[in-house]
Amino acid sequence: MSTPPSADDQFYREYILDHYKNPRNYGRLDHPDISHEEDNPLCGDVVGMDFRIKDGVIDDIRFHGRGCAISQASASLLTERLKGIPLDDAKRINKDDVLGELGIEISPARIKCALLPLKVLKVGAYGLAAEDEE
Amino acid sequence: MYDVKAVRRDFPIFDNGLAYLDSANTSQRPRQVTGAMMEYFEKFNSNIHRAAYHIAEEATDRYEATREKIRAFINAASTKEIIYTRGTTEAINLVAYSWGRANVKPGDLIVLTILDHHSNIVPWQILATANGANIEYVDIDDRGELRQDQFRELLEKQPKLVSFSHVSNALGTINPVHEMVAAAKAAGATVLVDGAQGAPHQRVDVRDLGCDFYAFSGHKMLGPTGAGILYGRRELLEAMDPFLAGGDMIKTVRVEGTTYHDLPWKFEAGTQAIAEVIGLGAAVDYLDGLGMDNVLAHEREVTDYAYETLSDIEGLTLFGPPPSRRAGVISFALDGIHPHDLATIADRDQVCLRAGHHCAMPLMTRLGVPATARASFYVYTLKDEVDRLAGSIKEAQRIFK
Amino acid sequence: MYDVKAVRRDFPIFDNGLAYLDSANTSQRPRQVTGAMMEYFEKFNSNIHRAAYHIAEEATDRYEATREKIRAFINAASTKEIIYTRGTTEAINLVAYSWGRANVKPGDLIVLTILDHHSNIVPWQILATANGANIEYVDIDDRGELRQDQFRELLEKQPKLVSFSHVSNALGTINPVHEMVAAAKAAGATVLVDGAQGAPHQRVDVRDLGCDFYAFSGHKMLGPTGAGILYGRRELLEAMDPFLAGGDMIKTVRVEGTTYHDLPWKFEAGTQAIAEVIGLGAAVDYLDGLGMDNVLAHEREVTDYAYETLSDIEGLTLFGPPPSRRAGVISFALDGIHPHDLATIADRDQVCLRAGHHCAMPLMTRLGVPATARASFYVYTLKDEVDRLAGSIKEAQRIFK
Amino acid sequence: MSTPPSADDQFYREYILDHYKNPRNYGRLDHPDISHEEDNPLCGDVVGMDFRIKDGVIDDIRFHGRGCAISQASASLLTERLKGIPLDDAKRINKDDVLGELGIEISPARIKCALLPLKVLKVGAYGLAAEDEE
């Protein structure tokens, strides 16, 4: 049986709340090289990302969207990680990296929120079939 | 006096302090219901109809007894008008296929409402596309109530079908069904009422209502999953082609063709959800025992209390009409806190809260919100659970300060 | 060693000496299955998907876990290919509506067999009428086996669809499904196998079989009523329109139109039979625990014994093939005694026997009998129960001497 | 809970078996005034009756059919009762009369067998809607 997270757990850690309330790289880019948005229709979360690519490297990145703390903090954290790295390296970022970065235990019901930004990256930057990332 | 504590003792799931505030989604089931199912499984488990031995007769009797209980529960004229389905969704789809495909013609108008559940929208969208019909949606006003003026205007266009919910699952709005059905019938429309949030919570009299179809789900009224009801006026059901085909809905099958069984079995193909229908019968008995007027009064009391309690919380927006015109459903939003985050925090306090679009995306779009948090109540809900919800909300506000 | 006595202890219904010989109709359910349902009802009763609290996560996990169990049970490639339905009948109707309406064209040929259950005939008759297709039926030979020569001839007409049962519920004939599917696929047909009497009784590997669809019912394999399975090849399911529409099978719903959910949920509209699907998962676990090879071997042993025992009775005619090519089903007639009268007399000895057309009227017409008596066996059947049946038959012969 | 009929009950009483094995008024009439057949598709029982009417009286009657002992004995019993009585009296024969004449307790599953001959009478002789007799 799954149990509810205990009252003293750290689900909403300070730095997650911080990323939620003060998102990094938030906004839009003019004339981005890549721009892609995904939503999670089941809960209404939306995340979009704009990329500027120079010599195969993610030179600049912004995200926009709306939704729960998990999806928005996850997007903020992901953009921090993506900024300045080669696209090829970005390609290798996976589920576990994203969940590891969040550093909290995420219940099955919320895992789609946490992974929505990664889906934006994969589908937007590589045209991967969305569902393969689920 | 309605003794909610006594009622709760029939629900083992509450033994560990769970505050279940998601009954509009699915209700809990009392021992009496699961006990009736277990009795079937352990004493007379067998298939129904055309059986030649006593346990199958018993199963058939119990299965058909539920039909009479349901008939009486909604005051239908005959058990022939009571069709078992998996739930409201299948019931509406049955009508969309069997009645809709044959009767809706190119250019016909279907009138729905923006308040409706997806199950009462998408089947009609598919039908409209298949048959070339048009759909128009009745809008809501700022209090979340259907705009009756607009409804009347749409009726002037002589819609073929009008379908709307008795009670909105997302806002709790109780629609003026009597007036709406009467007006739609006067305009010559066939009328379906989605009673998923109606029948479980108040006395329903389909003859008095005058609708052609009334659909509801057993699992929202203390019954098990897997069994629900389509009520249809006999005249219409007689004229309709079957929906699903197979064992039990036929009279004769020959290579040259097939003749169908009488009502209601014409619409019940294949092995039915026998245990579930028997469980549903026990649920109706249970509700009858409580008295639907008492059920309504109890829910109203809890809803009033919740409305008041939540109104007092700063940064909380309530959606929908005032408590006097709403059922036991409260949808709301918190400034700066997404409903999902609230639900996760409430879950830590063992408070079960729904967060999302409640299968009513057109309504969410209309309200301009992606999702809401929703608390909903039933026969077993305590005011104390409302207080616990308020506590969770304040905790969320503290975390997200 | 297969310990049937131990198996029987899991089935409380046998405590009072019932000889249940009607498992092809519906099976009994062990404690493990009803226990899994009760656990849901009492511990984590809630609706699935999109829930934001822990009991709903548990319910969702268990509900989806059954899908993986079923996938492994029939060796499908992906859980996306496993669609929950109420049973075989709904599964076949789903294909007839969603695949059939879009793909079967005027003049197309549908090949069925005279052995089939109404659930695998009537949906296709309706489809053929709606879309202007023709149906041809493969006949049986004198032993109740499908005439493969005729089948091959029909395949030369390049049928659009070929649908037949894995095992006949009326005669117990095990059809040569591998060869038949391969031939039908080679002829370019879409192939549905009605596995209602297949999957419960033997190891099934849908990939090895190569069929496009395989349908079966939980209630015939120790699971509760209300839950069954449609397996479909992903490619076909992806291309198909949804069947029932409503909550949960959509991605977005807007006034302007709707987008559908991914597989398998595209085909699961509205609140599902959650408790029943969870119960079905426990049934698969139970069968896996016994081992399907052992199940088959046990049934074969009982069937051989029954075939021999009944063959020895004077005035008794056995229908169908020799035991080596039949599943645990024996249909027979007694000179001068109508099957219903036999069943009534057997019932006095607590022997549950089916009498009738077994939802296979075209087959009865073909055999030239109005009805047969049928005994069918499963994991819990004792040879002693076969002896009791023989006793009832002799008692009937004494009464009707 | 329903219980199985006990082993010593008289479900298949001698006279029922007698009517089954030696049906009275069995056969067909040439040029009947009324001829009607009904079947119970659920179990395959068939009963048909031919009537010759003279001055409003059932002057002669024959039944044919096939099926279980209950349906055939019930048909045989009914024809005995019908022969020679005015049609108007026949009209008044009901369910309870038929079941009473059979004189045994009939389980719900078999009641349609017992009443099939009555249905033939009602529908055939009076054109009543079949289901009203169920």
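Order of writing sets the labels: A, B, C and D. Residues in every chain begin at 1.
Assume a contact is a pair of C-beta atoms (placed from the backbone, for glycine too) under 8 Å apart; a residue touches a chain by one contact, two chains touch by 3 or more.
Keep in mind that what you see is a predicted model, and the values were worked out from it rather than measured.
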**Separation of chain B from chain D, taking each centre as the mean of its C-alpha atoms, in whole Å** = 46
**Request:** Just give me the whole-number Å value for how far the CA centre of chain C lies from that of chain D.
**Result:** 37
**Complete:** Residues of chain B that touch at least two other chains are 43, 50-56, 250, 252, 339-340, 344, 347, 355-356, 361
**Request:** Find every residue in chain A that makes contact with two or more other chains and list them.
**Result:** 4-5, 41-43, 107, 110
**Request:** Pick one for the touching-chains graph, please: line, ring, star, complete, other.
**Result:** other
**Pairs of chains, among all present, that meet the touch criterion** = A-B, A-C, B-C, B-D, C-D
**Message:** Quick check: in the complex, which residue numbers of chain C touch chain D?
**Reply:** 338-341, 344-345, 347-350, 355-357, 361, 364, 369-371, 399-400
**Complete:** In their shared complex, chain B is touched by residues of chain A numbered 4-7, 9, 11-12, 17, 41-46, 66-70, 107, 110, 113
**Message:** List the residues on chain B that touch chain C in their complex, please.
**Reply:** 12-13, 18, 20, 22, 25-26, 28-29, 34, 37-38, 41-43, 45-47, 50-56, 86-90, 92-93, 96-97, 114, 117-123, 125-126, 135, 137, 217, 219, 224-227, 241-242, 244-250, 252-255, 257-258, 269-276, 339-340, 343-344, 346-347, 351-356, 359, 361-362, 365
**Prompt:** Which of the residues in chain C come into contact with chain A in the complex?
**Reply:** 43-44, 49-58, 60-61, 250-252, 259, 262
**Asked** Where on chain D does chain B make contact in their complex?
**Response** 1-5, 41-43, 107-110, 131
